[in-house]
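We just call them A, B, C, D and E in the order they show up, numbering each chain from 1.
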Amino acid sequence: GSPQDTASGGGDGAAPVKVGLVYSQSGPLASYGKQYIEGFKAGLDYATKGTGKVGDRKIELTEADDAGDPAKAVSAAKDLIGKGSKIIAGSTASGVALQVAPIAAQNKVLFISGPAATDAVTGANKYTFRSGRQSYQDVVTAKSFIGDATGKKVVVFAQDGAFGDANEAAVKKVIGGAGATVSSVRAPASATDFTPFASQIKAAKPDLLFVAWAGTTAPAMWQTLDQQGVLASTTVVTGLDIRASWPTFGAAGSKISFLSHYFDGASDTEAAKAAKAKIPGGTLDLFHPDGFAAAQMVVRAVSEGGDDVDKMVKALEGWQFDSIKGPMTIRAEDHALLQPMYQAKLSGSGTTFTAAAQKSLTGDETAPPVTQMKG
Amino acid sequence: MTNSVVEAPPAQVPDELTPGRSRWHGLRPFLPLVALVVAAIVPYSTVNLPGFFEGPLNSPGTLQLLAICLVFGGLAAGYDLLFGRTGMLSFGHALYFAAGVYGTDVLVTRAGLPLWQAALLAVTGGTILAALLGAVALRTVGIAFAMVTLAFAQVGAIVVARDFKLGSGEGLTGGEEGLPLDVSGLPAALVGVTNTVNLYWLALAYLTLVVFVVHRVSGSPTGRVLAGLRDDERRIGVLGLDPYRFKLVAFTLAGGLATAGGVVYCLIVGGASPHVTSSELTLSLLVMVVLGGPGTRWGPVLGGILYMYLDHRLTAFGSSDAVDNLPAFLSHPLSQPLFVLGTVFVLAVYFFPGGLTSLRSRLTPLLTALRRR
Amino acid sequence: MSVEPVLAVEDLSVRIAGLHILQGVSFTVAPTGVTVLLGRNGVGKTTTLRAIVGLTPRSGEVRGTIRMGVQSLLARPTHRLVRGGLGYVPEDRCVFAGLTVAENLRLAERRGSTPAYDKVFALFPELDRRGRQRAGSLSGGQQQMLAIGRVLLNDNRLLLVDEPTKGLAPKVVTEVAEVLERVAESVPVLLVEQNLAVVRRLAKDAVVLSAGKVAWTGNAQELLLETALTKSLLGVGSGEVHA
Amino acid sequence: MSTLVLLTLTGLGLAALYFLVASGLSLVFGLADVLNFAHGLFLGVGAYATWWAADNLPGAGSDGFGFVVAVAFGVLAGTLVAVLVELVLIRPLYSRTIEQVLVTVGLSLAGVALLQATWGADARPFPRPSWTREVTGVLGANVPNAGLLLIVAAAVVLGGLLAFLHWTRYGLVIRAGVENREMVTALGIDVRKAFTLVFAIGGAAAALAGALGGVYFGTVSPGQGGSLLIFAFIVVVIGGMGSVVGSAYAAVAVGLLQQFVNYYGTSGLGDICVVGLLAVVLLLRPQGLAGKVATA
Amino acid sequence: MLATRGLTWRIGEVAIVDSVYLDLAPGEFLGVIGPNGAGKTSLFNLITGLRRPTEGRILLDSEDVTALPPHRRARLGLGRTFQASSVFGSLTVRENVRLAVQAHRGGSMKLWRRAAADREVAAAADAALDRVGLHHRGAALAGTLAHGEKRKLEIALLLAGEPRVMLLDEPMAGVSAEDVPELVEVIKSLTGDSGRSVLMVEHHMDVILELADRIAVMHHGALLACDTPETVMANATVQEAYLGESL
């Protein structure tokens, strides 16, 4: 054989459509990955009406574990593309999504990023789409908690690094742009004790505190903010993480205003009902919608585009569809996924907590600004 | 007491310094060449090794995996120049690798340099960095040296994670999300899945280069001094040689080789992620070297290749049906790649104390005994 | 030798890393006095002593029998043997460099018997004076004193001593010889020694090794008297013996 | 003023946590000469066992005496695992230090993955007495009780270890055994027992640190031990290998430095300062603060 | 050739080496004796640069070398053996000596030449091994040598460096009686010809008496006497403090 052979996609009308799913089955984000794949399978079932087929072509899923490591994800993506997949979906971690996106562009295959929240995926290139929300949408939702922002004092508390940077920048733009003064307190993601940061926040006396923190140290962080009286003295907004993490908020949980991408009961759409019926356990969680939407997008791409990736891209751009969260729009300019977002409150104690939606924001209300498509 | 952790690794006489005495003596010099030729023509083979690789040998996925393995084989061989051959335990080797990865990536993606310039600058920079930091760290010995190098590497990791801003507000390194390589300025032969084979050859060239350099250096007068340093540094001084200078040379050389590996790795993976700055990477280099056999010519190479192979393939193994169908108390741990890797590693240290290459000498008595029958 | 020997070595073979170092060594140690083990560098004297205390390296293989009375010593762990009264002074002193002199001695105390510090300090007052110094910084000779001293702290049934006077000043050599002479009155000693003057003074019986085999056994004084014999076995004329 | 008090006391609490983690590490490293990367695993075992016991062990709970029972169970579990590791994995490799270290590296990979396979990657809320969630007012500062608990525990552990090293021969036996194992046996001492004991104590200290770390963080997660381990290493090395007292000083230095720099400086500077401290200390005094001068 | 001027090394209050003035003429053989712990090895360590003196100076060919690191002194022609044998245990005996030869001849910083190809180095190394009678052990790992063989290897390493000033620290300790005369010959041959100077610590008085032109006596760190063998042996203090009553 020649060293530059790759398997061809097969133009045959009834040949199965190969779809590669590269996401975290192991590693620190394994539980996000699990929700994603459950959502994806439910979504596929929903979009193909239980047949698993588009027309008479079967959707053939190949799953690969990236363990949160971009290098592994790239290897897996190349492998899948080499074997004829025209569609790659997945990417639980932002770092993975950002490195797989160029691979998709170089090889002209469709890439639908998953739970990865980084804004940089939006507009990354022509072949890259997203099935989840992005940081900017979180921040816009947070803004809805303070009403009129003019003259208000807002503090962002975020971890060092790109995730924190993106959130800080978004807050400056969204809430600062609306007339608030925004300052920030940053901490290393590896911080063990949060007292110094809590003291800094307290000294700043903000009207609104926006917290962007991911990782296992979050509970300790919340406890310290609570103990140092930050939660009692101001409105604190943060994103609501997966269900399993709720009990770790402890007493702090009820004092926080949550913005939410999704939680069970946030919506009551057809798709949500179908998904609930399909996924193991019957309780929806944060990243089920991402997988679900990704499957819907895959089915759309295949049914409109066949094996032609450029047609698939055309078919997705500007497409509006109903998913778990409600009506969604793929913005044609930069492939941002406009979708509803939620305000939520947490109540309960011990190990049983429940979230209740306070308000939901439409996709237009939370739309990020249009970015320039890079490639 | 302070030094004992880094007492010379399980003594291995460098192959180069002992005369060969096997029957294959006449053939042996050519074996590496044969191996190289075989490795170079692998991409022309469509052989399927089910269970070992996902696809035929010439499929992009397999070549990509092999390329990564080869780079790490070279990296481990370079690290062995420090650890196995000179007896220096550095916990910060990842820094120089990362310098290659991020150096190339930043220079290409953010500064827009052509690849060859970026690669040249990165390798020069990484080597100089190794020389400078080595000059400071080598003022200490033993575990203190290990910890100082770890500290330097940690600062590197923090700098990468901090994602310093350029004027435009764009982060230099992309923080924890990493920095995808901008391929628009790259030679077309290095871009796209169909060209994975070129990356494979590049990796093979890198490995060959490292093995050649390490082999040449350890067989040289300098290599003899390095082997002496491993045993008794004070003695080297009394013989009239400056231990510091020789250690610095080894450190710089190893650093430079690691940086070059970083350049190649950056191209293969198509970007940089903070993974490569972590102290775990150095630890895994150590693991590779010990797995293969420190101070031997092929041990570290084999160790590196095997480790990376397992690291990548175990994720597939963990999610395979064979594992899923096992009872939960088995399938849960087995679906964790790190569990399998850790266990394999413990068993390897336990049962092959001299590394993979010691297998040969362990098996020889057995084989001769069998042959005599 | 009408009395039962305290130690009987029979057909002892030791292989280390493929080398056949001892090839069927047999000898006995009388229950009183000093038995001296002689031979050139590398013939296997140290290897013999180490095999007796069970310290052959793991890569080594020991065959034959070693008995103390009726009890076989092979296959018993070293620490048991030593607790049972087998004292060993190694060739390289092996003091614990990181520990102080006092700690080195304290470590050598054996449970169940009162350590005879006064006896040791009377022999080597230096050890008393330097109690708080780290043994690694002792001079070579001082380390040798410590190595001997710590064995004498306890009661022993047999002492194995490997080149105790190596590196000692002539005056101390004399002292150590006196010490061993006195010790040997109550405890039998198997001694490896290159200093023939010391051998002359102490030894009752002698065993001469040559290339892993026993070349001669018998009365030590006889050996030293016969110039021809010493010349052929040890390569020295008797003139040098008197040095 | 109250900020100063707050930062000092919480800094000491952090130092106490570091010391608890470092003490066992320092003991095993200093005495048995094994740089134990599996220490994080022992920590995790202690934390998860305590967490498990509070819900499942009769008599144990999350409050009052029940919590003490749960912690005791956790410590016991950590000790057992440590002893097992020593007997099965470390002992056969004695005097091959590098290989021992590497076995612990492999073990830490496999062990943490095993914890994750069993209980999932996500953090779980840790059962703990409600008073540990509260604060005590000291000179106008709200000092978390969990931090105070850590300080007390660290003091107790420090005292206990010093007593062990001072009043028993084991310290001596093991220090000597690391230098020359053969010679220790030639003095009539069963050195293997002593090594197992040191591992047991190291494991117990780690497990206690894991359990109390759970109280401090309010959660357990598989990776928790590993992330604390880096700072514990730094503390051990700055303090001087094997010096328990040195580790205590170093822990206080690192804890306070981190806390104050994090407050007064920019973010991330705290960590860089700690790493810088490590480098400076080692370059000026390679044997660490309290370490003995290396033998020539 | 070699001179020390008020050389002193203190640890805390204790002077281990106490204000030593020593002169070694070219071609001279100076024996050093003294009780255990007198500071003989410490004096060697100061001269070779393994320890820094607290006071005093060291002159080599009237050049002040007090501040130079060990390897610089070695390059100026200062060689030594160690009391506790210190050889490269994981290298073969032959390779040990080749390393020493190579260190002496220069060219150690050649990264790209094949070490084994240098016939001259190999020949010089074999010659040195021959001289101490270790030729037959050339392929053994130095770490596995018997004690006495290590002593001989030490001397071979020294020979390989062809130093002008040699410091021998108890070269005979542990060498079997048979081999002593042989080694004495080796050492003698070193000095006779080439104007090399030797400083030798030894407790075997007969060896010292046979070889030394002068004998220096150290006691408690200080130089008690430095004179001809006859005078020194007649000295009552030496008799009493060092020799004791002979066996």
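Assume a contact is a pair of C-beta atoms (placed from the backbone, for glycine too) under 8 Å apart; a residue touches a chain by one contact, two chains touch by 3 or more.
Keep in mind that what you see is a predicted model, and the values were worked out from it rather than measured.
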{"item": "Path length in the contact graph (chain B to chain C, fewest steps)", "value": "2"}
{"item": "Reference chain D; chain at largest CA-centroid distance", "value": "E"}
{"item": "Of C-D and A-B, whichever chain pair has more C-beta contact pairs", "value": "A-B"}
{"item": "Most widely separated chain from chain C, with each centre as the mean of CA atoms", "value": "A"}
{"item": "Centre-of-Cα separation between chain E and chain B, whole angstrom", "value": "43"}
{"item": "Between chain D and chain B, distance of the C-alpha-averaged centres to the nearest whole Å", "value": "31"}
{"item": "Whole-Å gap separating chain A and chain E, where each centre is the average of the chain's CA atoms", "value": "74"}
{"item": "Computed distance of Cα centres, chain E from chain D, in Å", "value": "48"}
{"item": "Sequence positions of chain B contacting 2 or more other chains", "value": "1, 158, 161-162, 234, 335-338"}
{"item": "Interface hub residues of chain D, defined as touching at least two other chains", "value": "116, 175, 179, 268, 271, 292, 295-296"}
{"item": "Residue numbers of chain E (touch at least two other chains)", "value": "50"}
{"item": "In the complex, chain B residues that touch chain A", "value": "43-46, 54-56, 58-65, 68, 158, 161-163, 169, 171, 174-184, 191-197, 269-271, 273-275, 312, 315-316, 318-319, 335-338"}
{"item": "Contacting residues of chain D [partner chain A, same complex]", "value": "3, 6-7, 10-11, 13-14, 17, 116, 120-125, 133-135, 142, 144, 216-219, 221, 223-224, 227-228, 231, 258-260, 262-263, 266-268, 270-271"}
{"item": "Complex contact set, residues of chain C against chain E", "value": "16-17, 39-42, 46, 91-92, 126, 138-142, 144-145, 163, 166-175, 177, 194-198, 200-201, 234-236, 240, 243"}
{"item": "Parts of chain B lying in touch with chain E, wherever the complex brings them together", "value": "8, 11-13, 16-18, 216-217, 219-225, 227-228, 230-232, 234-243, 245-246, 249, 253"}
{"item": "Contact footprint of chain B on chain E as seen in their complex", "value": "48-50, 69-72, 74-75, 79-80, 82, 86-92, 95, 98-100, 102-104, 107-116, 118, 141, 143, 157, 161"}
